[in-house]
Amino acid sequence: MIEFRDVSKQYPDGTTAVDRFDIVIPSRKTTVLVGSSGSGKTTLLRMINRMVDPTAGAVLIDDEDVAGIEPVRLRRRIGYVMQNSGLLPHRSVVDNIATVPRLTGASRAQARARALELMDTVGLDRALAKRYPSQLSGGQQQRVGVARGLAVDPNILLMDEPFSAVDPIVRTDLQQEVLRLQRELHKTIVFVTHDIDEAFLLGDQVVILATGARVAQVGSPAEILAAPADDFVADFIGAKKGKRRLEVASRRDDDLVLADSAGFPVGLLARSQAYSVSDKTAQAGDA
Amino acid sequence: MGWLGENLGLVVDLTLQHARLSVIPIVVSLVAALPLGWVISRSRLGIVLLGVGNVIYTIPSLALFVSLPAILGTRILDETNVVVALSLYGVTLMMRGVADAFGSVSDDVRQSARAIGYSAAGRFASVELPLAAPVIIANLRVVSVSTISLLSVAAIIGQGGLGYLFTDGYSRDFPAEVLIGIVATLVIAVVFDLVIVAAGRILLPWQRPARRGRARASLALSPDAAGGAS
Amino acid sequence: MNYFAGAIAFILDGANWGGENSIGSRLVDHLVYTGISVGIAVLIAVPVGLLIGHTGRGRTIIVAITGSVRAIPTLGLLLFVVLFTGLGLWPLVLVLVVLAIPPLLAGAYSGLDAIDRQTIDAARAIGMTEWQILTRVEIPLGIGLIVGGLRSAALQVVATATVAGYVGLTGLGRFLIEGLALHRYELAIVGAILVAALAIVVDLVLVGVQRLVVPRGVPRGTSRPRARGGRPSGPSGAPAPVTEG
């Protein structure tokens, strides 16, 4: 469980990126922070691994204040995936994935063997192992980025708009990959995006942010769609303008299928997840 | 300072000579490098030009000063040698900078200029040149400063403008004279730099607020151009 | 062009390569002056350039030093120093070190500055220490421009060491100075050819080094990662700010 307690971030020039942000991110679920630019979502994400330190309040991981953990040690146990993969251009795919295990003392052979397994996990052909990042497609690079994020088998995986720079078809593939991985691995994923569709597709819990990281609404996709908290949320999810009226369209076994107004399914919600998230959300409200 | 008082006429003469001998190569560099740099940024011929330029730039200035009379058929004490040598360095240094400058004009801008109906020549004059100008000016400042300091090396072959004060002061064991030569050289460099910057401000009014800070108003820095002949 | 023919004949004559005041011994001297000076300058300038490049603080120092040293007439500086210290190796080395520092500083700084900020940000985010970021990410990615700075510095020093012959030392420039003093123009051309050849050879060797040390996966000759999607990187190599959603 990751907890933001009354967190603020003010930059020296006086701008406030985050103003008294308060939320609980449940373990082993996917929480998506969604908002447009200036909503402070990336800043919030980077507070978890101390890439940014708050100016007030505290971030806790399993009740331990991260401010008390040495940043390098903290970051090595948290997976991080970013927009343009952030791969090291001078290292091969397998060495990129093995970077953190090598830093933490794994032998080269061990780290590489593990890296090859991870390539299987994220759906990359092992034949690509010796390639350099510049020789891969954007989608492949992002898969390598995800594999690197998983390399030390972290409990927490932070994903900062990982798919926003790839083309829509590849993005769909990658999103499905994340859903599949999460069904297998059950990590605590914190995912940042500006794309509301992506948020509803991937999130067990979705946090809609307004400027200055003000929480506009927290809930499962179904809850938010069913009852947008205010005009801002309604506008943001496109319900008000009728651009896209998402609704719980049908039930297929235990899953809920989300469809847009034209009847096209846009996502799948595991029912059990959706319910359990609502529970957590209720707790979060109390905390 | 007694020496300076007695020799003020000499110092002024040498300063003017130094300025005159520097200004020709600087102007030649700019004029010749514009077409050459444009060619480098646009065609495959560029690689050849850059290669030739690189070799020229690698030749130490004293070696070039000494060799040119044999190549050009001039007398060793002819000013032409120094002017030609410094122009060669200036052009090779400058054409690379001009090529970078044209290369930095984004393709989008070029395409949209074409789309709104500029001819090739009009596009060059009204779009590419103005947009490349700030980088060209930055490079011209580098050429100006290095030309002025390089010229004094020619004192060893009797043609160095203020460099005369170096060799003369050295042979008389008189450091003050050398120092006066150094200071006068720096003064020329600063004056030329200010002139180029002012010309840039006048020609490129839209640049004034754009670049941040005053760091750029100090003498120009370009890592690519940091080394070479001396 | 007769002078050149005579000069080349002189150079090709094996008898002129051995013994005191020969091409061989002066070449060795020239290389010694260059090696000592560049070596000292590397020890001073590269760490400082890397520090400035890594922290991003102190860029103005580099701009100021590079610009002002370029403006100083080297012959004047050398003669001025020698008038105070007397003849000898160290005044020459001092001046050559001063000359070699700016390109080395600029190379080390710009090598690091040209690296995609996202790559460094990612390295930090996955838990590299600052030292690891410097040694495993920034130096390998910036090595092309770092060695580029070394190339510039070496060229500068090889060229300027030519005037060592003017202050009682030797080196290949000694032929040139002697030729001018004795009005033996052919001998001056010998010096010019040798110095130019040495400069070109040193440059080629360092180009080779540059090719060797730039790691695979990084575009050669520059450490600037090629922007994907056809976005040309500007001449300033301005780092993109860390994204904020």
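Just so it is clear, A, B and C label the chains in written order, and each chain counts residues from 1 on its own.
Just so it is clear, a residue touches a chain if its C-beta (ideal position, glycine included) is under 8 Å from a C-beta of that chain, and two chains touch if they have at least 3 such contacts.
This is a predicted model, so every value here is computed, not measured.
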Next item on the list: Show which chains lie in contact with subunit A and also with subunit C.
Entry: none
Checklist line | Centroid-based (C-alpha) most distant chain relative to subunit B | finding: A
Next item on the list: Report, in whole Å, the distance between the mean C-alpha point of subunit A and the mean C-alpha point of subunit C.
Entry: 47
Margin query: Averaging over Cα atoms per chain, report the distance between subunit B and subunit C in Å.
Written below: 20
Check: Where the centres are mean C-alpha positions, what is the separation of subunit A from subunit B, in Å?
Finding: 54
Checklist line | subunit C residues counted as touching two or more neighbouring chains | finding: none
Next item on the list: State the interface residues of subunit C toward subunit B in the complex, per the touch definition above.
Entry: 1, 3-4, 59-60, 62-64, 66-68, 70-77, 79-80, 82-84, 99, 102-103, 106-107, 109-110, 145, 148-149, 151-153, 155-156, 158-160, 162-163, 166, 173, 176-177, 179-180, 185, 188-189, 191-193, 195-196, 199-200, 203, 230, 232, 234-235
Check: For subunit C, which residues count as touching subunit A in their complex?
Finding: 116, 118-119, 121-129, 132, 136-137, 140-141, 215-218, 225-226, 228, 243-245
Margin query: Quick check: in the complex, which residue numbers of subunit B touch subunit C?
Written below: 54-55, 58-64, 66-67, 69-71, 76, 100-101, 103-104, 106-107, 135, 142, 145-146, 148-149, 152-153, 155-157, 160, 162-163, 165-167, 169-170, 173-175, 178-179, 181-182, 185-186, 189-190, 215-216, 218-221, 223-224, 226-230
Next item on the list: Going by the contact rule at the top, pick out the subunit A residues touching subunit C in the complex.
Entry: 17, 35-43, 46, 49, 51, 72-77, 80, 82-92, 99-100, 103, 132-135, 138, 148-149, 160-161, 192-194
